[in-house]
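For reference, the structures are reproduced in the following blocks.
In what comes next, chain A is part of two complexes: it sits with chain B in the first one and with chain C in the second one.
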Partner chain A sequence: MSMNVILAQTVVNGLMVGMIYVLMAIGFTMVFGIMRIVNFAHGEFYMVGAFLFAILYGSNEMQFAVSVFLAVGATALLGLVMEWVVFRRFRGNELNGMIASVGVALIIQNSALLMWGSSARTVPPVVSGVLSVGGIVFPWSRLVVIIGAIIAVVSLNLLVGRTRIGRAMRAVAQDAEIAQVQGIRVDVIFPAAFALGVSLAAFAGVLMAPVLSVSPFIGLAPTLKAFVIVVIGGLGSVPGAVVGGLLIGLIESFAGTFVSASLSEILQFLVVIAVVLLRPQGLLGRKEREA
Partner chain B sequence: MKRSELIAVLAALVTCSGAAWAEDSVTIGVHASFSGAGAAFAEGMLAATEFAAEDVNKEGGLEVAGKRYKILFKQYDDRYRAADAVTAMDRLMIQDGIRFVVGPMGSAAAVATKDQTTSGKVITMTLAFTPRALGADAPFAYRPVITTGEFSDPQVAWLMKSTSAKQVVSLLPNDETGQQIGVANFNSYAKAGTKLQVEYFERERVDFVPILTRILMKADGLELGGNSPTTAGLILKQARELGYRGPVFVTGGDVSAEMLKVAGKDAAEGTYVHLPIDTGLPDTAAYVTRFKAKYGQNMNGFSPFFYAGLQMLFTAMKKAGTVDDTTVIAKTLDGLSDVPTTMGKAGWTGEQKYGIKHQIDLPFYVGQIKDGVVTKVATCDVNACK
Partner chain C sequence: MKSPTIKPAQYFGVLVAVALAVLLPWFAPNQFYVHLATVGCINLMLVLGLAIIARAGQLSMGHGGFALVGGYVSALLSMKGWPPLLTLFIAGLVAAVIAAALGWIILRLRGVYFVLVAFAFSQIAVLLALDMSSITGGANGIVGVPPISIFGYVLRAKPQFYPFALGCALATLLLTWLLYRSPLGTMMAATAENQRLTESSGIDTHRVQVIAFTIGSGIAGFAGALSTHYLRFISPDSYTFWESVSYLTMLVVGGRDGVLGPVIGVLVLTPLPELLRSTEGLQHIIYGTVLVVCLMFVPNGLASLVQIWRARQRVIATSATLVAKEVP
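Up next, the complex of A and B:
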């Protein structure tokens, strides 16, 4: 394998992983941006989405599109319930909301453990085989992940930028009180934004289920990654989550390929520390206005 | 019936039931990682304890010095973390007063809790592969499973002879377990004339493609022994996705069932695995069937070893005539040999290697996955595989 091929392979690997991180981080940062809640249960919605997809598509052999729709839809419903039961009490209350989210994460994880057991499940590949171009190998299963993630990010961008509810979400994110004065129903926007955020996590889980495996414990790692990414990109910034996700994916890929796996973890946190020290609001985040 | 007669009848009933069912009990603690990537191992350990308790209790309890003891068990989750392992062991020993433990499961947990269990004279049956889990400084620690230290040399020698691999790469978690196995594997491969390159990763990692892209460039063999079943399956699946077609060896632990589920039949085809049990033995086969019937899933291969370990512990209790004095029980346990267990006749070995004879002595096997089924291809002892 020539150096050029390895370099290209490394970039592709980094983009594949980075796109999943982007999906995770966008949902995470949206919930923070609008509700001011650091949702550490975010990864558990990823796990629930993946599990539901595994049951529908893997065990019950339902159609792929139907399985995706039902898995994401059911997770969004779970998100609505969680928002109504737990998170609505902590809107704008960052510290208590964060602590509550850790509790919700533990409840969801252990409920999954009770319902579905600890054993890992596999999901049959949606597509199999590899696409080989000039010595670079693209597993089709991972290409599907990239394509799916791009579709999700573009759709979200259109939803937030071009629709009435998207504009309302942006208004609430900027100032919930002013938005309410303008006639925006914030009591509808908050749960809608939360459900949308967890839907993105569930969709990431659905995409990754056939590539990796599904167990009640798969939610923690994506949550930590999402947190790292939004700190780099800027809490509440969707473009920041995209940049941060791709950056972390590429760092992981390059460090893992050319140096060592352990160094890739160190490098990620060095980047986080550098960002926090030099640009506390994140790469694309805005400074909080002081009262 | 007069009131006094009624009381007499009730008292007689209570006495009779007391005679038929012992009031006294012995509680076995199961100290393992029930959450996290190693949960399949923990469930195997718990199942062994549950079966052992069920079997003894079915016979009316464990008869020791003329008294019958009901076997109870209680599980503790160490979440695969050394700090949590210490806390769980404290709860087990201090809060619940337990003196017999199936566990600790991981090497980090075994090392972290060794001083506690030694000073508390708690008999442990560990799954930890680290050589530091056993030793003269841990007279109450036993290992009822066969580890890399026992099977690595003969197994690797046989595999290298069978496949002619010359440059093998290994991926292992960057913790006590992984590092100990890495060193043991490196030495075993060196003895077999093969160079082993060991790459470490953080245990939470699930995407191995970047590492595999680099390490598989020059390798003609991939060693996955020492990983949890899920992780071994993920690495195998991702290596095959990257187009790797060389031989894969899993020389540590029994990961076959879970690994097959995660990697899939096609990716796992031809993989050589360490096979701790021979399902050709009737008692072992019956145990496997019992596990599947009760839990509805394939058994982790370590499970019957713990059942065998408990059979030896119960034998020692009976011979020692006590369920309280762990020093006497341990001394009796040390002297046991040719004890009939579900895995065949078992004894203890390891004096030369660990400075104490607390390592179970049983044969082991090399298997190969063919069409989704593990087939025995060699039978081994600590000297050689044939």
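Up next, the complex of A and C:
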């Protein structure tokens, strides 16, 4: 293999992993921006989405689109229940909300372990074959992940930027009290935003299920990545999550291919420290108004 | 904790509790209880370390990382022939130095950011332990860490180790209590209460938080080393994310104010997994539920119930004396 081929494939891999991180980080940062909750259980929703997809598409051989819809929808429903039972009580209470989300993560992960067992499952690939451009081949299975994630990010952008509910969400993120005074139903926006954030995580899980294997323990790693990314990009900033996610994905892919996987983790940590030192609000974050 | 004087009843209560803890090996039905008590002592030190950091208004999710660093430092040095009694303190010191350097950088961050970065640090500690396998033994860890010996007396078995662990835990408890009552402790509490107001009173809150983080993480390093010499083994799996979470859980369930909270949290949550062992897979689910339910209904921890009860007693007592005065 020539250098070009390796480079191109490293970039594709980096973009794929990066886009998954972007999806995770956007959901995470949205929930924080609007509800002020650092959701340690975010990755568990990714896991649930991946599992449901594996069961529906892999084991029950349902249609692809139906499986995606059901897996994401059911996870969003679970998110709504969790918001209703647990998270709404901790709105605005950052530290307690964060610890409570750890409890929720424990509950979801171990429930999955009880229900579905600890062994890893594989999901049959959605597409096969390769795309060859100028002598460089890309497996379609990975391109599908990138395309799917781009569609999700673009439609989310339209939803938040162009629709009524999106505008309401932005208003609540800026100042919940003032938004309420303006007639925005805050008690509808909170669960809606939480469910939306969780759906993004579930969709990321669905996309990754055919590429990686699925087990109850896959949720923690993407949660950690989401943390790192939002610190780099700025907590609460969606464009920051996109930039941070792609950056981390590419670092991981390049360091993993050319040096070693653990070096990439250490490199990411150094990037975080550097960002914290030089630009504490994150690359694209806005300085927070102190209360 | 507000009352500056200590009532004789409180002295008595503390004495009884300490006596019970000291006498435990004699009335414990078997060795397993002694083991559990030793683990409880080590947990108490870790949770107290976390409580000190929390006293200054920060939560650390990377606490296990410092315990891991301490454990490895002490294990490696004592394998080279250094006396374990000395390496315990070196372990604490190394963890404290790392915490000071890291804290100085990351404690400029608001609460949540700090948690995220401290947490990332603990992941790096685990990764380094895995990666530098020529020194740390990689995923297999280090087996056969030498036991602690005091003036030639080797603490090899459980009944011999327990008094030492208890002594360390009580010393940490006393130090924490003294710290809370010192001017520095007041500065820490003030920083947690209102950082800007404290800053405007001429206190360098950044420094206060770095000091608290350094002390708390140093204790974690010491406790991690203690645990390593007790189990005579350490691996990257010894202190993972879930260990950090469990210390935090103990602190939150027990209560974040004062020294009573960590004690209660450790007493309740150290034996809990053992009691739940028969429920197999439900164990962690129950653990998570306890955490969430506690946060919902007793957000200030179980220790706050004692304070509420005490305050109520005080009100009843004063109203009773008033009534007694009015009714001849």
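One rule holds for everything that comes next: the second predicted complex is superposed on the first by the 287 of 291 C-alpha atoms of A that agree within 3 Å, B and C clash if a C-alpha of one lies under 4 Å from a C-alpha of the other, contacts with A are read in each partner's own complex, and residues count from 1 in each chain.
Here is the rule we use: a residue touches a chain if its C-beta (ideal position, glycine included) is under 8 Å from a C-beta of that chain, and two chains touch if they have at least 3 such contacts.
Because the structure is predicted, anything quoted here is derived from the model rather than measured.
S.K.: In the superposition on chain A, see if there is space for chain B and chain C together, and answer fit or clash.
M.R.: Superposition result for chain B and chain C: clash.
S.K.: Using the superposition on chain A described above, determine whether A:227 touches chain B (first), chain C (second), both, or neither.
M.R.: After superposition on chain A, A:227 lies in contact with chain C alone.
S.K.: Tell me the contact category for A:235 with respect to chain B and chain C: first, second, both or neither.
M.R.: second
S.K.: By the touch definition at the top of the document, which applies to A:172: first (chain B), second (chain C), both, or neither?
M.R.: Neither partner.
S.K.: Answer with first, second, both or neither: which of chain B and chain C does A:55 touch in the superposed model?
M.R.: Neither chain B nor chain C is touched by A:55.
S.K.: Would you sort A:123 into first (chain B), second (chain C), both or neither based on which partner it touches?
M.R.: neither
S.K.: In the overlay, answer first, second, both or neither for which of chain B and chain C A:243 touches.
M.R.: neither
S.K.: Just checking: does A:113 make contact with chain B only, chain C only, both, or neither of them? Give me first, second, both or neither.
M.R.: Once the two structures are laid over each other on A, A:113 reaches both partners.
S.K.: Could you tell me which of 135-143, 171-179 or 189-197 in chain C overlaps chain B after superposing the two complexes on chain A?
M.R.: Given the superposition on chain A, chain C and chain B clash at 135-143.
S.K.: Chain A residues touched by both chain B and chain C?
M.R.: The overlap between the chain B and chain C interfaces on chain A comprises residues 109, 113, 220, 224, 260, 262, 265.
S.K.: Which residues of chain A touch chain B once you look at their complex with the stated criterion?
M.R.: That would be residues 1, 6, 9-10, 13-14, 16-17, 109, 113, 117-122, 130, 132, 137, 139, 141-142, 212-213, 215-218, 220-221, 224, 252-258, 260-262, 264-265 of chain A.
S.K.: Taking the touch rule as given, give the residues of chain B at its contact with chain A in the complex, in rising order.
M.R.: 34-37, 39-40, 42-43, 174, 199-202, 204-207, 209-211, 213-214, 217, 229-230, 233-234, 241-243, 258, 261-264, 297
S.K.: Help me check something: in the complex, which residues belonging to chain C touch chain A?
M.R.: Interface residues on the chain C side: 59, 105-106, 108-113, 115-117, 119-121, 123-124, 127-128, 130-131, 196, 241, 245, 248-249, 252, 281-285, 287-292, 295-296, 299.
S.K.: Within the complex, which stretch of chain A touches chain C?
M.R.: For chain A paired with chain C, touching residues are 32, 38, 86, 89-90, 94-96, 98-100, 102-107, 109-111, 113-114, 220, 224, 227-228, 230-231, 235, 260, 262, 265-266, 269, 272-273, 276-277, 280, 288, 290.
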